[in-house]
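Take a look at the structures below.
You will see chain A twice below: alongside chain B first, and alongside chain C after that.
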Partner chain A sequence: MIHYVLLIFMAVVALGLARQRNLFAVVILFGIYSFTAALLYVVMDAVDVAFTEAAVGAGISTVLMVATLALTSTEEKPATWRVCPLLVVTLTGAVLIYGTLDMPRYGDPSAPIHQHVAPHYIEKSAAEVGPPNIVTSVLASYRGYDTLGEVIVIFTAAAGVLVLLGRYRPKKRRVPSRKDQAVARKTTTRKAAARKASSP
Partner chain B sequence: MIYGATVAALLVIMGLSLVRAFKGPTVYDRMVAANTFGTLTVITLAVYGFMRGRPEFLDIALVYAVINFIGTIAVAKFVKFSHLGHPAGDDHGGDI
Partner chain C sequence: MMVYKSILRVSSKLLIPPILLFALYVQFHGDFGPGGGFQAGVIFASAFILYALIFGIDTARRVVTGWAVRLLLAGGALLYSGVGVAGLVLGGNYLNYSVLADDALVGQHLGIFLVEFGVGSVVAAAMITIFFTFAGYRNSPGESLPEESGPEED
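Up next is the complex of A and B:
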């Protein structure tokens, strides 16, 4: 029951997102969408996915999108209705829904994904790898190369972003000329005078 | 039973705060609505954990509570300063 309510919330928020023109409101609605999705994942027992969704979707991506708004405008151009994109999207959605019809029921123990290597992991991972958490031993040992590849991808992305953005350079210190020194002395004396005047 | 009723009530309140997030004429309405929604998510998670006999969900709810305010602080800071770093304008590199 709670699944359906949460799914309806997500659909409503998605529709609102598409109609909203104020990008500030869009960012905030995105946060709400992420929290609903995270709650849905927990209800569906995918706690690790829910953690990722809450940390990335509701946490950091809100901050990143607000930072992007700081560089651009907060108002979107008014929308224009076109038939062709709507048709394409509807068709794609229909095909995707048709594709899910063949899938096994949610939580079905006889689904193919639960018949292949999962029994092996459940029975043997404690003896073969060690940690009591099966997900940890799958990620760190059975799919170790996969995880290594993911780490390389993330490292490359971070390195690329750092190269693109450049690094923080302190301002160049030039040797103050005699004129600068004179100006500085004058301003400091003026500041001191102002301080003396403002203090009781 | 009582947990089910509580979850239902919480979902109704979530819907109400969603309405405020949609309608909210000012940014502040939407900010408060989003923060309320996050808090309600935390509470729903805790109550749902007790409803299904798995109070371990309480830990996850705590982490959500920690995450919840980050976005609110970012949005509030943007509203106040119009950007996220260098509020003072000098060369100390900002605070975020």
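Up next is the complex of A and C:
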């Protein structure tokens, strides 16, 4: 029951997102959407995923998007209706919904995902790895290589931001350099020349 | 990005220590309950981001200097991969923690602890870096135009 309430709420928020033109409102709506998703994960007993969704999706992403808004404008350009993108989106959505029809029921013990390595993790992880939280055992030990990849992705993202947007230089060095002053003098003389030329 | 509201200032000062403490709890209690390096890193970074939002980017940068964040960023990644290399040196596979100690379970525990710590520091440093760079972009002198920095002479 609560699943349906949360899913309908997510759908309503998604519709609001699509209609909203103010980017600040869009960012906040995204946060609400993420938080509802986190609630849904809690209801489905995936507390670790819910925790990550709440911290990363609802928390940090929202703050980072707000920080990004400081660099851009807060209003979206008015939308134009085009047939082709609408067709592509509708088709993709229909295909995705068609794909979900073939999925096993939620919580079905005979689903393929519960037949492969999951029984081994549940039965043996306490003896092989130790931690009572099986999710930690899987993430850090059984699938340590994957987690290393994720960490490297995050590291690369931060390194890329540092390289592209530049390292921080303190305000003290804001004193104009000789070159800047020379450029400024040149532009002011050019401005003065232009002013002289424009006024007869 | 700076707010001169005394209520926000006081309440954020009250909030930041518990946030940091909660991040450490999530980091080191991840073996027993929900949580782990990723979540802890994000929560840890959010404390500094809150500080930067209320007290300004420049003040926050004096608290967490650029080299400290970069050290945390690279150090975390190196710690994680270093644990893997240590497993190789001690005669196991890459990222096999069982060989880190005499007892396999103790080795696993040590390995998971170090690896989660690496994850936490990379995530925290990455979030702090990205926020500070985005939010402080306008402050950088590279952005200012030459016309602004030079004095108008006429």
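The rule we apply is simple: the second predicted complex is superposed on the first by the 169 of 200 C-alpha atoms of A that agree within 3 Å, B and C clash if a C-alpha of one lies under 4 Å from a C-alpha of the other, contacts with A are read in each partner's own complex, and residues count from 1 in each chain.
Please note the rule applied: contacts are C-beta pairs under 8 Å (C-beta built on N, C-alpha and C of every residue); 3 or more make two chains touch, one makes a residue touch a chain.
Nothing here was measured: the structure is a model prediction, and the numbers come from that model.
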Original post:
Is A:V5 in contact with chain B, with chain C, with both, or with neither (first, second, both, neither)?
Top reply: first
**OP:** State whether A:V47 touches chain B only (first), chain C only (second), both chains, or neither.
**Re:** both
Original post:
Touching A:L29 in the superposition: chain B (first), chain C (second), both, neither?
Top reply: first
Subject >> Contact breadth on chain A, by residue count: chain C or chain B >> reply: C
**OP:** With the two complexes superposed on chain A, say which partner A:R105 touches: chain B (first), chain C (second), both, or neither.
**Re:** neither
**OP:** May I ask you to decide whether A:V13 touches chain B, chain C, both, or neither, giving the answer as first, second, both or neither?
**Re:** first
**OP:** With the two complexes superposed on chain A, say which partner A:V161 touches: chain B (first), chain C (second), both, or neither.
**Re:** second
**OP:** Considering only touches as defined above, state whether A:K77 meets chain B (first), chain C (second), both or neither.
**Re:** neither
**OP:** Check whether A:N133 is in contact with chain B, with chain C, with both or with neither, and answer first, second, both or neither.
**Re:** second
Original post:
Of the two partner chains, chain B (first) and chain C (second), which one does A:V63 touch, if any: first, second, both, or neither?
Top reply: both
Original post:
Residues on chain A in contact with chain B in one complex and with chain C in the other?
Top reply: 47, 50-51, 55, 59-60, 63, 67, 70, 168, 170-171
**OP:** Give every residue of chain C touching chain A within the complex, in rising order.
**Re:** 1, 26, 30-36, 38-39, 42-43, 45-46, 49, 53, 58, 61, 66, 70, 73-74, 76-77, 80-81, 84, 94-95, 97, 104-105, 108-109, 111-112, 115-116, 118-119, 122-123, 125-127, 129-142, 144, 146-147, 149-154
Subject >> In the complex with chain B, residue positions of chain A that touch it >> reply: 2, 5, 9, 12-13, 16, 20, 24-25, 27-29, 31-32, 35-36, 38-39, 42-43, 47, 50-51, 54-55, 58-60, 62-63, 66-67, 69-70, 168, 170-171
Original post:
Which residues of chain A touch chain C in their complex?
Top reply: 47-48, 50-52, 55-56, 59-60, 63-64, 67-68, 70-71, 128-133, 135-137, 139-141, 144-145, 147-148, 151-152, 154-155, 157-159, 161-162, 165-171, 173-174, 176, 180-181, 183-185, 187-188, 192
**OP:** Enumerate the contact residues on chain B facing chain A in the complex.
**Re:** 7, 11, 14-15, 18, 21-22, 24, 27, 30-31, 33-34, 37-38, 41, 44-45, 48, 57, 60, 63-64, 67-68, 70-71, 74-75, 78, 82-84, 91, 93
